[in-house]
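Dropping the structure in here first, questions after.
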Amino acid sequence: MGRFSSFAAELARNKTLLLGLLLLLTICLLAVLGPFFVDFANSRVGATIPRSPPTPEHWFGTDGQGRDMFTVMILAMPQTLRIGITAGLISLSVGVALGLVAGFAGGWVDTVIRLASDVMMTIPGIAILVLVAANVREMTVELMAVIVATLSWMVAARTIRAQTLSLRERGYVQVARLNGTSGLKLVFVEVLPNLLPFIAASFVITVSNAMLATVGLEALGLGPQNELTLGMTIYWAQFYGAIIRGMWWWWGPPILTIATIFVGLMLTSAGMDSFVNKRLGAN
Amino acid sequence: MTANYWDYVARRFGIMLLVVFLAVSINFALPRLMPGDPIENQLNQLMASGGGAMGDVGAMVASYRARFGLDQSIVTQYLAYWQSVFSLDLGFSLTNYPERVGDAILAGLPWTLGLLGFATLVSFTVGTLLGGLMGWPRSPRLLKSFGSGVLLLSSVPYFLIGMILLYFFAVVFRIFPAGGGMPFGMSAGFNLETIRAIAWHATLPLLSIIIAEIGAWAIGMRGMMVSVLGEDYIALADAKGLRPRRIFLRYGMRNALLPQMTKLAMALGHIVSGAILVEVIFSYPGIGFRLYQAIQSKDYFVVQGIVLLLSVSIAIAMFILDLIYPLIDPRIAKGK
Amino acid sequence: MNKLLEVRAASVSFSGKQALANVSLAAGGAHPAITAVVGESGSGKTTLLRMLLGFQHPTSGEVIYDGQPLTRMDGAAQKRFRREVQAIFQDPFDAFNPFYKIDHPLLAPLKAFGLSASRDQSYDRIEKTLRSVGLNPAQTLGKYPHQISGGQRQRVMIARALLLEPQIILADEPVSMVDASLRSTILEILYELNRSRGISLIYVTHDLTTAYQVADSIVVLHGGQIMEVGATEEVIHDPAHPYTRSLIEAVPSPDPDTPWNLNQARPPVLAPRDQVLLYPTGPHRAVAAPARAGEIAVTAAQIQLAVSQAKADAVVA
Amino acid sequence: MSVPVVEVDQLVIDYGTRGGVFRAVDDVSFSLNPGERFGLVGESGSGKSTTILALMRMLRGGRVSSGRMRLNGRDLAEVSDAEYRSLRFAEISLVPQGAMSSLNPVLRIGEQMGDIFDDHGVRHTRGQRATIIRELLTQVGLPPEVRHRYPHELSGGMKQRVCIAMGIALRPSLILADEPTSALDVIVQKQVLATLGRVQQDLGAAVILIGHDMALMAHFVTRLGVMYKGKLVETGSVRDIFANPQHDYTRMLINSLPSFDRLKSFRSGAARPVRPAAFQEGV
């Protein structure tokens, strides 16, 4: 009864999950390996003839300032993923911690955390992002990740809180208390392992939310101006009217890549949902 | 309605007040938390980027400093800020001086409300119905596979769909206009022609939101429908010999709709965020586009004003949805 | 000699709603005995149990173990209480963490309370205890909870409690989710824990028949208050409170020829709204009634202790 | 002798599972005369509920592989799905097991009862409908105002009575009661069972009661069938079965019945040595 082989068997049955993970894996491979095969110089302004449609030399054409779009894409992908994954990890840690504390401590601690997450859900994330971004001197990839993370921890916090609340009442937690287990050990040894599927599912959703916020912020022109990211590429395309001018190769590739990432995330999340629920049903 | 209902309303109202309070406070605090003098920072940045026709910067700085009392204590400043919020006096636009921020927002508001209201209404209704049917075992197979395609689109941000629609329907085929709220130079009046022109211009932005949003509602509803159909009361309704239509609507949809309403309240912020970018793509004259322009030209007070308005109106909209909720779910008023 | 766990005039309310009102109860003491707490859903038996385990503090009144209130114990005393007052729960599946093997809940307490010096020693002890409840260690250890039967799981849970050498075991509906054919066996194990090991038990149940099988005294709980308390034989064969009577009448006889009067089912006996007191009707018996001036009320604990005293005397004689 | 209300003849029901075909009901035959009370006992998974669901044509995932079912002389295999719908509750009704969750939480009790008349083509004026529903509620011992209530405002016993009231609304000739009292407290259980017995007598309908509590059965039905692993291992009058059980399983069921006068208390043999039987490795 290896946990790995049961996961492999699940993948074979769960086509949605498989497809989603494959899409994400492809994107990640491209992002990790791609930069080794391109010439960074081609991503600088004026490196090539501007506004050229795709040619054998420039597979994805060039943008309005003479950047080779293929190189731009290869270099932008890891940056965007970095923001998404960093933001996802930060907000997941915050969310899981808050959710566990709220679910376990109860009382006023729970009330405060729940209220905070309700309020954060109400205030449109983009509004705060805009305010912060408009107030910082220079946006960087790291700062972007932190800002986005502060706005996407609520989903994880809510899910984990709800699960913790129900796990807390489970017989085995009570038995563990009778066995002299208490405090953090109770949380980490008895509760956390059973939350793993939910944490994994929350991670996917959190990364997805973080990427959505990132791309949106960048497309508004509030992203890191001096870095290549997928969202900034769209911003510049929009800024120079690439759509109206029919320069589809400028905005097409970033859109397709972003769409692929989001579809991959959604399929993974949907696949995980049925996986997680089935595990629960089996109990 | 019972006393419990009013308890519930009071609680929800409290949360709304809290959100408004926080939104105003964040708006107040953020610029002051940043290093340096906020007014000078903004104006200097403005000067550096050379955006907008500027008068005497020194005089403007002085007027703003006096206005916000930046030399006074933080408490006084805070109270003054609340006063200006209550009197809806949000200051002047920096780039389009002497346009007032309030007026700038008011000019954009009807466009945004119309766009968002219509798109949300259509996508929520159609998506919910589609999702319900997709979760109903008697639905035709064709509908289910069509639905699955729509579901995939739901994960893509609205404005990306907007860009694709814009390219094909406005640039390549030239069926719809490429941007704006209505034709240049057309004077608005309450007549058929104006309405037609407005609808014509709004079609693509609306479609961008609706296409992406339908899937999101359908996914949620399908999941809820499937779990509701597993409930004992559906089995008993079937045993009672009720007509499938009645079981679907009165026993299935009605119950699956409840969490969907909660999600609508939760999703408002997300929808508004997405719609802002759609306005940008289509140069649609709503407050989203205005926000984008303000960010471009570093028109700080307009940015602040719009953000404040968005936060407050979403809080109010959520409160209204909260009021409606007990009317469709009798259990809520009992309170948990 | 057993330590005494005592609830004194405890009330518990949750957001204004009273779950338990002025309940006094004893477990353990000089003469180990089995007390059945009988009640239907909403009677407050779960709250009572959580209170006895220290999971729930009374709103008023107190819980005392070995002469010390739970809320004012030092660390060492708390640890002793935790080890010596154990419980067995209703759902033998839910009691196991699905993430771990059967061994986990058996090893954990030995480590937490420092009851064994090495892993080998732990396993020796675990195997011995498993055998004492009729389980084969080789067929139990190393498995996941879903790989063994419900009856086996419940026995592992009993073994877990025994490993800690408890003074008192609180059993919360231990047989209601076990197959009918195994109920008797589990009950008999519990009974023997008391008779041969001198462990005191509180047996919480909704089922008067199983209470009759094992308990020395019975406490009838209804709407958060005690309706009747007494020696088992007396309560079952001569119920004094109308609620106890209707509980007994609700149990169908296994003999089809013994009339059950299905068509004369009486309306339910409502729980008293006002506080009631227990008035003795005999040395081993007390029944609830509204407060009466001039009469001396007793607590359930007093009656329980009198019953176990009488039982001990009988054995000596 | 009149026509039997229901005849089940050599019924076989299979479920297709991943591991192959699972035979849930294997060659089961029985029949009931008008007004007769029949009990089906067996542990969970013995096939008793499956048999009932087959009579309602509500098998989810299972199918009738062979055998015959007749209702008031009519071969049920020849009834179309649409006709079957109008048969339900009109001729054959069901009192469900999970009364707690069997009522639609967002509809008033009166509306849920009214739906039955509407979808079986029974027209009433507003006043007539109200009177009929009031009478039905009174008949099961509920105050008539219950029709204005929502399910969450009722206790478990009240909900089960509402289910009984719905079951007799169209005066069926057969009532199937699937462990109608297993979720209730003992006192309420007796009252609900008494209510079911009374309305069944008023109506003259036949009833099949499903359960696992032999004693409860013994006092309600006249004839018993014992199911074990899909087979009907024993049928006969309650007295005969109790006096002379044929099958081991039946014997075990009867012997393990708890009672005050029959089963000896452990206490009666004070301070006995440990009986080895109790400590043998269990099932």
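Quick notes on this one:
Labels A, B, C and D are assigned to the chains in the order they are written; within every chain, residues are numbered from 1.
In this text, a residue touches a chain if its C-beta (ideal position, glycine included) is under 8 Å from a C-beta of that chain, and two chains touch if they have at least 3 such contacts.
These numbers were taken from a predicted model, which means no experiment stands behind them.
The minimal number of chain-to-chain contact steps leading from chain A to chain D is 2. For the pairs A-B and A-C, the larger set of C-beta contacts lies at A-B. Computed centre separation for the pair chain A/chain B is 22 angstrom, with centres defined by C-alpha atoms. Look at where the CA atoms of chain B average out and do the same for chain D: the two points lie 53 Å apart.
Chain B and chain C have centres, each the mean of its CA atoms, that are 57 Å apart.
Chain contacts here close into one cycle, and each chain has exactly two touching partners. Of all possible chain pairings, those that touch are A-B, A-C, B-D, C-D. Against chain D, in their complex, chain B makes its touches with residues 231-233, 235-243, 246, 250-251, 254-255, 258, 328-331, 334. Looking at the complex, you find that chain D touches chain B at residues 56, 58, 85-90, 93-94, 96, 98, 101-107, 115-116, 118-120, 150, 152, 163, 166. Residues of chain C that touch chain D in their complex: 40-41, 132-136, 139, 149, 151-152, 155, 179-185, 187-189, 191-192, 195-196, 206-210, 212-214, 216, 232, 236-237, 246-257, 260, 262-263, 265, 267-268, 314-315.
Listing the residues of chain D that touch chain C in their complex gives 43, 185-191, 193-194, 197-198, 212-216, 218-220, 238-239, 242, 252-254, 256-263, 265-267, 270-272, 274-275, 278-283. Against chain A, in their complex, chain C makes its touches with residues 53, 55, 79, 82-83, 86-87, 89-91, 93-100, 105, 108-109, 112-113, 144, 157, 160-161, 164.
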